[in-house]
Structures are given as structure tokens and as C-alpha cells.
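First chain A sits with chain B, and in the next complex the same chain sits with chain C.
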Partner chain A sequence: MISARRNRDAVASRLVQVGFLVAVILLWYLAATRWGVNRLLLPNPVAVFDDLIDILRSGEYIEDLKVTLGELAAAFAISVTGGVTLGYVISRSPYAIRVFEPLFAAIYAIPIVLFLPLFVLFFGLGPASKIALGAAISFFPIAINTVTAFGNVDRLFVTAARSMGASEYRLFRNVLLPAALPVVLSGLRMGFTIALLSIIGSETLASLAGLGHRIVQLAESMEMARMFAYIVFVIAIAAILNAVVSVLEARGRWN
Partner chain B sequence: MELSVLETPRSSLAGSAAVRYLMRYLARRPGAARLIVIVLLFGLWEIAARFVVDPLFLSPPSRVIASLGTVFATRGLPAALELTLFELTVAFAIAVAAGLVLGIAIGLQPFVRRSFFPIVLLLYGMPQVTILPLFILFFGIGAASKIAFGVTHGVFPVIVTVVAGVQNLKPILLTSARSMGASRWQIFRYVIFPHMVPSFFAGMRLGMSGVLLGVLLAELYVSIAGIGYFTTLFTQNFDPTKLLGLIGVLAAMAIALNAIVRRAEAHFARWRAG
Partner chain C sequence: MATAEAAIKVRGVSHQFGEEGEQRYVRALADTSLDVARGELMCLIGPSGCGKSTLLNIMGGLMTSSSGDAEVLGKAVAGPMPRDIAFVFQESALFPWNTVIENIELGMTFQGVAKSERATRARRALEAVGLKEFAQHYPSQLSGGMRQRAALARALSLETPILLMDEPFGALDEQTRMILGEDLSVLLARSDKTIVFVTHSLGEAVFLADRVAVFSARPGTIKQVIAVDEPHPRKPEFVTSAKFTALRNQLYGLLHDEIRKAVLQSGLRAADRGETEPA
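Our next item is the complex of A and B:
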């Protein structure tokens, strides 16, 4: 009885969600076609859809996608290497944790995107400044989580393994790493999401190529339908990447 | 004791005593060690800027601090900073008020929550920076677009934490208040609100970082007015002294606003722990 009612509730809330989505698109369509909202502000959703199909079919997105993903890969590689290494080294001493952790947390609270003009000054408008910003922003969640993960491994496990004669390598491989991995992985996921956001963001602010740059270019030439199509495309790419990373994180936890 | 005496040369015994005292002091005070780390970093920056890096790209912190006055003397810059602070305040107020209302509306009824909370989470997870050019087109290059962009960044964390806070409310408290004849307002004031306070302030803190990110992103994007104009100007003129000064002032502003919200959170969560 109760489960039947709960089932009905679940179906009803799905219906509400679908209805909400349909209502948004319908309102958008009506606003663009009937209510005379300026086409330069709100393009017809049908035109946006056509443009999206055209973008996907012609493959014109590939160059920009390559640039953005390349920057993302480089930035993430740098911040993972730096963040995990430094985080691990700091986590080995409770004193170092107490010295560095508040420092990292304080810097993490500053919107680091402020430093983008500085990175542009150092590295120019090309990919290097985006990589630097992405790496700088994603470094902190990764380092903070690594410190927390390795710092909170139960002392008892470490002592027990040592007293049973485990070598430093065995201690790391069989005790520290399995205990710390879930928190480290969630730090990596956070770092990845932030790196992606800040790279698209910095391409929007100042760049020569990339998906964020393409959106700004279309906005400046007032090609609204195509710009909306690119926005949908970038959001889809971001959703796919984040989903892949979440799946990888869940897998890593299980192993 | 024995060991450390052996390690140091006899002539500097007095010095080693001082060092040992310092080490013991630092061992008790990680905060002092942190300060030393910060000073060392600034020292490194000073040396790098003076002797290694081209002065066109980096200036030493001493010169940046000394020339803060000239940064503020740049025509139009104090007004731009004031405007940014105003935008941050307004965006934060709107984000908190809207987030509170929406969070309570969504969180209180289980059915509404199951229906609309996934939509909120979906929007929260979207890379909003992709629609930044749209905000400028809709709201212009003035304060409105920056406030709007700050609100959309700040409102979602507030909604999410308020929903989480309301969700933890025991239904029996609501039922008993109602059966004792409490009005809607009384239920909100004496049952819902006190339960929500800790998560609400956590949400305010997250909302503040969101608002900071949104407003500053929009400020930097518009390069013909406001802060963005000056960062672009200083970058193109290869004037790192002024650029660093401006960024430093903005960072200090961000840190101060974060600290205020953090203090408020600690203050209002205290009665609960006690």
C-alpha cells in the first residue's frame, strides 16, 4: 500500500520535472515567435536546434574543443602532480599540517580568477595563461583533500603495520594508500570540475581560441542562434566530462 | 640535548641556544611558523622581481605596496572599486533572500522537494560562465549585469543548504505546533527558523564565495568599464606595479567579506553547540 503510493509519488514528481522542462521550452518558443521579444536577445529555439545539428554535422567545433581539452589536460596534470605530491609530503608531519592547512584554506577562499590578468601578462593570450590559471585554481582542493586524506589515516593501522615489520613501501601501498584513496579521489574530482570551469571562464575573458572564445566571438557578432547552440554544446561537454570523472571516482573507490 | 650540542660548533653556543628557544617556541605555535612561511614567500617574490624577472612583467611587493597610493589616484579607479563593492553587497543580499524563500518553498514539502530539487542541482552544476556574454547582452555593461551574474552564482548554494536544513526538521514538531494552534508565521518563526540557522549560515558562506566569483568574472569580462577596464589597461601598458596593487586590493576585499560571513556563521552556530 505504502510502496504503491510512493511509486505513484515518484512518477508524479518525474512528470512535474518533465512538465517544467516542456514549459520552459514552450515559454521560450512563444516569447521568441509570438510575443515579439527581440531576436537579438532571444533566438527561436528551432533555429538554435538547427544550428546545433549543423555544428555537430560540420565538425567545426573540433579545433576549439581540441584547444580547450588540451588546456584542461595540461592544467589538471600539473595540479594533480603538484597537489598530491605536496599534500602527501605535508601530511607526513602533524606539525606541517597545522602550519600549512589554514594557509591553503585561506588562499582557497580567494577568487583566484582575479589573477587572470597577471597570468595574461606573464604568459600571453594563448593557452599557457589558461593552463596556469586552471592549474592554480584546481591545485588547492586537490592539495587540501590529499592532506586531509593522508593526515587522517588511523595511527593504529600504521603502528600495527610497522610492528609487523612492513617496509616503507609496503606501509604506503597496503595501509596508507587504501585508507586515503577515497578522499584523495574526491579532491581530484573537485579539482577537475573547477579546472574545467576556470579554463572555459578564462577563455571567455581573454583568449585567442577555445570553446569559451568561440561563444564570445559569436556574441560579439550577434549570431545569437549559433551562440545558444554553442552554449548548449559546451554545457553538454561539461556534463559528459563530469559524469565520466564521477564514474571513475566511484570505480577507484571500489578497487 | 646532548646531540644538538654536539652538532653545533662551540663558538656559536649562544646562537644555538637562541635557535633552540625559537624552535621550541615555533613547535608550540604553528601560527608563527605559518607567518614565517608567508614572509619567506614574499621574500622570494621580492628577490625574483628585483634580480630575475623582467620588470615589465613583475614588480617586487615593496614597490607594489609603496605605490598603492598612485593606484588609488588613477582617475576613475576608486569609483570602480566602490561600484564593485556595491555590486557585491546587492548581489549577496538578493542571493540570500531569494535562496531563503526558494529553499523553504522547495524543502518544506517532500513532494515539491523530490520534484524540484533535482532541477536546482542540475542548474547548480551547470558551467554558468558559458552564459556570461548573454548576461551582458541582456543587462548591459553596467552594474545590473554584474549583480545578476553574481546572484545566479550565489543563489544555488543558499537554496541547497536551506533545503538540507529544512529537511532535517522532524515532522512531529510541525504537527504538534499546528495542533497547538500556531499560525503560519509562528511556525516559521519558532520552529523552522531556529532549526535552519546553522545550515543557513553555512549556505551564506558558500553563497558569498559564489557571489564573489560571479561579480568578479563579470567585472573582468567587461573591459570597457569598471575593474575590467583597469586590469586590461594595466596589462596592456605593462604596468605590473599597478596591476598587482589593484588585484591585491580586490583580493583583500574578498578575504574581508569572506571573513565577515565566517564570523557571523560561527557566532550564530554557537548557541546550538552550547
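Our next item is the complex of A and C:
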């Protein structure tokens, strides 16, 4: 009974969500076709859809997608390696936790994207500056969550493992790592999301290629329908990536 | 009881937390000596904060005493002794990311049991505590009582001569506790393990123990040791016998004043820190 009601609630809230999206698109359609909003500001959603199909068919997006995903992969690899390693090392010392946790939290709170001009000066207009920015931004949530995760493993688990004779390796492999994993993974998910945001965002500001770059180019050449089509495309890519990362995160959960 | 037979020997053990003058300074144990004979079940009972759990941790090598010595099976205790001593903690301390059977096998992995032997021993331990059907469950899917059974199974599978239990049934309701106590008594009658069992419950102490060590209020030391001369496994009827009642009353008499002292102490300490007595 309860699960049936819960199911019904879930279906109902899905319907509301879908209905909301449909309403937005409908308003968009009415605004573009009936209410006389300038086509250069708001293209007809039908035209956007046609352009999207054309983009997908022609495969013209592939080069830009490769650039953006390549930057994302490199940035994420750097921030995961650095953030998890450093986070773990810090978590081993209560003194280091007291010093670095507030420091990282403070840096995490500032908009690092402000340093984009500096990154461009250092690393140029190409992918390197996006990778550096994405890595720098996503490092902090990953490092902070890793410190928290390993720093807050229940003492009782460690005591119990030691009383049974666990070696340092076994303690790490079978106790610390699984205990910390859920929080580390949610740090990775947060890091991934903001790496994606900051990379696409910085591509729109200063770049030579990539999906963000393409969107700005289209805007500058007033091809609004195509620009919107690319925005929809990027949203879809982001949604797919986030869904994949969320599934991976959920698989590591035990609590 | 001949000293030569003692499985655990504690001599003049004192323990303090923090340094004198510090806010957190507490003298938990004062000059405590105790022998636990091979094969006996000794209960440690006393008011909160009297250092009975501290003594258990010192015996098991999980804490180092400020002064005095502990000896287990003729060896000085200097750290955990996984081949000789298994623990059951107040909360089950099962790893929530592993199933019951994985938890038990992992304990043996830590201890260094050969892989081929782990499965059989795990199954045997689960059967002994009546959890055979729950091998594939996660701890969160079990009731508190079942979790403690699983924790006991993990400790039994380690096949140590000594079992140290720190209020293992402390978080359970009275009825679950009674059943677990009866089952434990049956289990123990079949084994020759030496067990030290920390408890708050007078009834549990009398029901389970061969001897009960009664602690004074903090800084704790052993006030008296009472023998419970009743063979294991103990029948539920034992609880209603005159002997049980007399022993329980004797314990109550010994403990009552110490508990009052302990409550007064904690009240004074709270007042020292400017706190009011918690309700």
C-alpha cells in the first residue's frame, strides 16, 4: 500500500516536472510566433529543432565536442589525482585538518573563474588554460570531501579492525577506503559538475575551439536558431554526463 | 584460585586521561589488580565512568595504562593480540558496507586465517549464534539484537581463547537482552573460553558470571569480587531462584553507594564547568 502510494507520488512529481518543461517550450513558441518577440533575440523553437537535427546529422559538432570533452577529461584527471591524494594525506593528521580544511573551504568559496584572464596569460587561448582552470576549480570540492571522508571514519571501526590484527594495508583497503568512499564520490561528482561548467563557461569567454566557443561564434554571427540548437545540445551532453556520474556515485554507496 | 592458572593478570593498573590541571583530566582507574582464571566468565560491574571499560581495553591492548602491568596467557600486553583476544563492542562495530558473512570472513582475514578455512569457520560461527539465514544481509537490515549476534559470531570465528565483551547488550531492550544472555550462557557452556564481560546490569552480571568484580566510583578500583556458584548453561529458572535474588541484592548493596557517589561526582564536575545537571 505504502509503496503503491509512493509510486503514485513519484509518477505525479515526474508529470509536474515534464509539464513544467512543456509549458516553458510552449511559452517560448508563443513568444516567438504570436507575441512578436524579435527573431534575433528568440528564434522559433521549431527552427531550433531543425537546426539541432542538422547538427547531429552532419556531425559538425564532433570537433568541438572532442575539444571540450578532452579538456574536461584532462582537468578532471588532474583534480582527482591531486585532490584525493592531498586530501588523504591531510586527513592523516588532525593538525593538518585544522590548518587546511578552513583554508580550502575559503578558497572554494571565491569565484576562481575571475582568474581566467590570468590562466589565459599563463597557458594561452588553447585547451591548456581551460584544463588549468577546470582542474583548479574542481580540486577544492574533491580535496575537501576527501579530507572530511577520511577524517571522519568511525574510530570504532578502526579499533575493531586493529583488535583483529588488521595490517596497515588491510586497514586502508577494507576499512578506511570503503568507509570514506561515499563522501569521496560525492566530492568527485561535485568536482565533475563544476569542472564541466567552468570549462564550457571559459570557452565562451576566451578560446579557440570547443562547444562554448562555437556557441559564442554563432551568437556573434547572429545565427540564433543554430546557437540555441547548440545550447540544447550542450545541455543534453551535460545531463548525460551528470547522470552517468550520479549512477557511478550511487554504486559506491553503502549508507 | 591459583595464580598460575590465570588467563589474565592485572597488577596495580592505574589510568588517567589528560594531564593534571587540564580540563579533561580524569583519573579513571586507580591501582587495580585482578586475576581472571582460565575458562571463567568474569563480569565487571560498576557505576558509569568507573573505568571498567578502560580496564577491558587495557587487558586487550587497545589502551596502554598510565601505570601497572597487564599480562595475558603469560605474555605482557603491549598492543592488540588478535590470536589470543577477540572483542565484542557495545555497538556492533560490524562494517556496514559488508554483509554479515563478509564481516565475519574479513575478521579472519585480518587475523591471518587461511582462505580455505574462512568459509567453514564463518558458517559454523553463524550457526552457533542462530543467524545462518542472515549471512547475506547487511548490518543495517538486522535488528540491534541480531547485529550483536553477528558481532559475537565474528568474535567466535576468530577462535581466540579469550573474549572481551564491552557492554555488548547495553543498547538492547530488556527482553532481547535476556534472550541473548540465555543463548550466550548455552554457547559458553560448550566452550572453554575465558571471558571478561562489562555490564551495567545487575541481573545480567549474576546470570552470566562465574565471578563478578564490583567497581567503586571514579577513580575506579575493584571493591569486591563475588562468586556465582551455578553451572552453565544457566536455565531461565535461575533468574527466579532465591540464590539469584540474594546475589543480585548483594550486588545492589555494594553498588548503591558507589552509584550515588558517581552521580554526585558528575554533578560536581558539571558545576565546575558551569553546566547544569542534565535531566
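The criterion applied here is as follows: the second predicted complex is superposed on the first by the 230 of 255 C-alpha atoms of A that agree within 3 Å, B and C clash if a C-alpha of one lies under 4 Å from a C-alpha of the other, contacts with A are read in each partner's own complex, and residues count from 1 in each chain.
The working rule: a residue touches a chain if its C-beta (ideal position, glycine included) is under 8 Å from a C-beta of that chain, and two chains touch if they have at least 3 such contacts.
Here the structure is a predicted model, which is why all the values come from computation and not from measurement.
In the superposition on chain A, A:20 makes contact with chain B only, not with chain C. When the shared chain is aligned, chain C comes close enough to touch A:178, but chain B does not. Chain A has more of its residues touched by B than by the other of chain B and chain C.
Once the two complexes are overlaid on the shared chain, A:170 sits against chain C while remaining clear of chain B.
Of the two partner chains, chain C is the only one that A:159 touches; chain B does not reach it. By the touch criterion defined above, A:55 reaches neither chain B nor chain C.
On chain A, the surface touched by chain B in one complex and the surface touched by chain C in the other have no residue in common.
Across the complex, chain A meets chain C through its residues 156-157, 159-167, 170, 174-175, 178-179, 181, 254-255.
Those residues of chain B lying in contact with chain A across their complex are 27, 30, 33-34, 37-38, 57-58, 111, 114-116, 118-119, 125-127, 129-134, 136-138, 209, 212-213, 216-217, 220-221, 231-232, 234-235, 238, 240, 243-244, 247, 250-251, 254-255, 258.
Of all the residues in chain A, the ones that touch chain B in their complex are 9-10, 12-13, 16-17, 20, 40-41, 95, 98-100, 102-103, 106, 109-111, 113-118, 120-122, 196-197, 200-201, 204-205, 211-212, 215-216, 219-220, 227, 231, 234-235, 238-239, 242. Put simply, chain C touches chain A in their complex at residues 60-62, 80, 82-83, 85-87, 89, 91, 93, 95-98, 106-107, 109-112, 138, 140, 158.
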